[in-house]
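Next come two complexes built around chain A: one with chain B, the other with chain C.
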Partner chain A sequence: MVNINRLILRKFRNIAGSRYEEILKSYREFLLTEEEMRIPRVDSVLLAIDRYSGEVPEGVFRLLEHYSPQKVTVIYVIDRNTYRLIRDTLGEKDAEKFRERESELAEKFLKAVSSALDAFGLNWSREIVFAEKTEYVEGLMNDYDVLVIGKQYGLESTKTHHISPLVFRIVQHVTKPVVLY
Partner chain B sequence: MQTAELLALSVFAGVYAFIISERVHRTVAAMLGASVILFLNIVPWEKVPEYLDLDTILLLAGMMVVVNIARESGLFEYIAIKTAKFSKGDPMKVLLLFSVVTAVVSAFLDNVTTVLLLTPMLIYITKQMDVNPVPFLLAEVFSSNIGGTATLIGDPPNIMIGSAADLSFNEFIANMTPIALVDLFLAIGIIYLAFRREVSAHKKRTDVIRRSIMTLNEEDALKDRALFRKSVIMILAIVVGFFFHDILGIKPAVIALTGASVLLLWSGASPEYALEKVEWATLFFFGGLFIIVGALVETGFIDQVARWMTGHIHSETQAILVISWFSAVASAIIDNIPFTATMIPLIKAMGGTLDTYPLWWALSLGACLGGNGTAIGASANVVVIGIAYREGIRITFTEFLKIGAVIMAATVAVGSAIIWFRYVGM
Partner chain C sequence: MRILVLVDGSKWSQKAALHAFSVARRKGAKVVLFSVLDRKEVRAIAFHLSLRSENLEEIKRFEETAWEEMKKSVKDVITNLLELGREEGINCSFRIVEGSARERILEEANSGKYDLVVMGAYGKSGKTRIGSLLEDVVGFIEPPVIIVR
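Let's turn to the complex of A and B:
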């Protein structure tokens, strides 16, 4: 039987050549791997937003619902460096005006997100922080299982990139799974 | 026996021995044999075009070009995903749908490409369903070989028979398709009975199946939508062309080559790439074989065997039974292409005393379905077993033989009975 098995494998090599490897490669592009098949355990989710993030799509909440995390923390990050720059150049009054505007915007965003989280039955907490946008998120991620972040988070006003360079950096540095919307 | 006859027979036997042993690639064996024949002038150079069956070689080449271009569009992966989604992870539906789709695709395109492209998807689905993949893979193999029997272009022996006997695509449809249809469901029925516990298993892991199969998007498989559309249109046009080739008085090879040329032009595909992917080894194998068998015809050996056979076979009934069963058993053990190449001149030579028309169908039946008999009987078997082996699934020679021999016997018996009823009657 050993010889017949060898004969079959030799014939297989002669007939299929490299075609099978090519076909497998093409299938790998859309079939799930064993690792992808396993549902990872997700207890905590960090949803980081800022003034550039835009509306969080419903699909993100549906995905989070699938994992049933114990908590979703939504943080709205106001850029501390921008605040300092305004204070140092334009003065305290303008800096305060910037803080107020940002806080109003944050409230608006957080209200929309929290009502969506409620609608999907997810436990959540919310926070508005003054921080450096990349380092703060990267630091927090030690305590969370998944990061959800918009492609336009921290985007410069020039919009030279489809995906914000800040998001690129976060994705490269964070060791946890990232949901990018 | 004359010296030339003895030499031709020795070369023929030597090449067969090499092909069976697989120690030397079959193309190398055939090319070497043909070179010896030509070197010894057993077949004179000017007679080479007479023996070299260009209809077969060019039809194969044309279809290979079409398949190679179509493959680049993701057409076959698209078909595989669609079939998987239709089955909804139900083992019985997977068995039935994959068998039918494999048979239909194999009827029009080559069996090896069909199983190479469908097997990874079948293994993926059976893994998700958490069922034994063996019955599903075996059903795929048998369906591919049975589907190939159905048409003129389904399997190389049919192409060779059609060219040698001048049988049209429609004659194959009228004679072999009904047999293939009956045999397909017969084979699925036998598989079901043999593996009913695995196949009728209740749907399990529905959430896994839903996530892994139902969420697959067939559109993702399409690498080039425009090429996909053009490929589908051209394949359909070629099939329509085959239906009308005898009315138009055009050889099937011309239809295939025209289709290939138009698709090359229309798609803008690189001719270098499309032609590079043509299985030249297979085409040279055919070329070599035609010369080697031509040497047996040239030296009069085939005539002698045919005379001996007609001396022992006295009716079409006997001839149908002998040819279909002998071809089936022989094709289960040796490559059906050299076997068919040898049988064709024999059947032609029997034409003086017998009506050869039903004998061609008997040869087609035996040569194509005989491949189901053993693990090494057909290229599709070897490919599926080889893929399974690489994925850690063992289909042993004995395991294959147990079910393959039953399916071969049942399908050849039913097929030869249908041929007998149609052409000889009670």
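Let's turn to the complex of A and C:
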């Protein structure tokens, strides 16, 4: 682990000197504190995908290899809100058809990701979940150190917006590091 | 693996650098600390001060001093990070350029030289809404991006 104290001390060695405590009191939000600068070890990674996420690039797997986490959990999220919308407008049968097709797609995507994780020697588990796409991921992040998510998760991109609004929300709410691809 | 770290001098960008170091240490990745200095930031302050001042020459001198201080401040941060990284055995270098932050960052990040970009969630103004950063910069960066808090 990088020695954080040395960075803090060095930064102010020739600048603030003995005034460090005084400056810290007045401008805490701009300064590094030991607690804030602690880089936690990455032991667990959540990789959330859906039909819009696209292929996970090799660079992400190489990054995960660098983290060497004890566990990588890959989830494919089937959108419960879309299911409800189809059920309420087109009926139960069509809603179930949507769910079946999504499950087939999930299997295909998860197989590709799992193969890549195997190739990089990473321990993984996988799950297909039927949930609300943002809240579910945000909730799970209490138990993980890093979130990996595609910029298009939840919605296709447009010419003007390269990051989906769902990802916007997730990045703003999650307090852990987020890897966007 | 080559990692680009965006450093604007803020504590968040320094934390991003430390995160990059912790990734780099494990498998010997190369880290490049990258900073963009935008003179418009100090010109904007100088312009607003000029509206209330009778002495334009004094404001111009202030602008020049502020610009030099801005450069020095970023260089100090980069130097500290470089020393720390090298002490930790990390292969790291730096690059400081001048111009529009968004343009220069996208140019560097998308140059094909990097496998990963690491940046802080917030900038020099401290904790603010991160929406504009995501929309204006991250959305256009081609390699995977880690947003560090």
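Just so we're on the same page, the second predicted complex is superposed on the first by the 136 of 181 C-alpha atoms of A that agree within 3 Å, B and C clash if a C-alpha of one lies under 4 Å from a C-alpha of the other, contacts with A are read in each partner's own complex, and residues count from 1 in each chain.
Keep this in mind: a contact is a pair of C-beta atoms (placed from the backbone, for glycine too) under 8 Å apart; a residue touches a chain by one contact, two chains touch by 3 or more.
Note that the structure is predicted; figures quoted are calculated from it, not measured.
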- Message: Quick check for you: in the superposed arrangement, does A:I163 touch first (chain B), second (chain C), both or neither?
- Response: second
- Return first, second, both or neither, reflecting whether A:A119 touches chain B, chain C, both chains, or no partner chain. neither
- So, A:E29: does it touch chain B (first), chain C (second), both, or neither? both
- Task: Please work out whether A:L85 is in contact with chain B alone, chain C alone, both, or neither, and reply first, second, both or neither.
- Result: neither
- Message: Applying the document's definition of touch, where does A:K176 land relative to chain B and chain C: first, second, both, or neither?
- Response: second
- Message: For the overlaid complexes, name the partner, chain B or chain C, with more touching residues on chain A.
- Response: C
- Mind sorting out which residues of chain A both chain B and chain C touch, each in its own complex? 1, 4, 7, 10-11, 15, 29-32, 37
- Counting only contacts in the complex, chain A reaches chain B at residues 1, 4-5, 7-16, 19-20, 23-24, 26-27, 29-32, 37
- Note on the structure: Per the touch rule, the chain A residues reaching chain C in their complex are 1-4, 6-7, 10-11, 15, 29-32, 36-37, 39, 57, 59-60, 62-63, 65-68, 151, 161-163, 167-168, 171-172, 175-181
- Complex contact set, residues of chain C against chain A: 1, 10-11, 14-15, 18-19, 21-27, 29, 76-77, 80-81, 83-84, 87-88, 115-116, 124, 126-127, 129-131, 134-135, 138-140, 143-149
- Note on the structure: Listed in rising order, the residues of chain B that touch chain A in the complex are 22, 25-26, 74, 77, 81, 112-113, 116-117, 120-121, 124, 128, 208, 211-212, 216-217, 220-221, 223, 375-376, 379, 382-383, 385-387, 389-390, 396-398
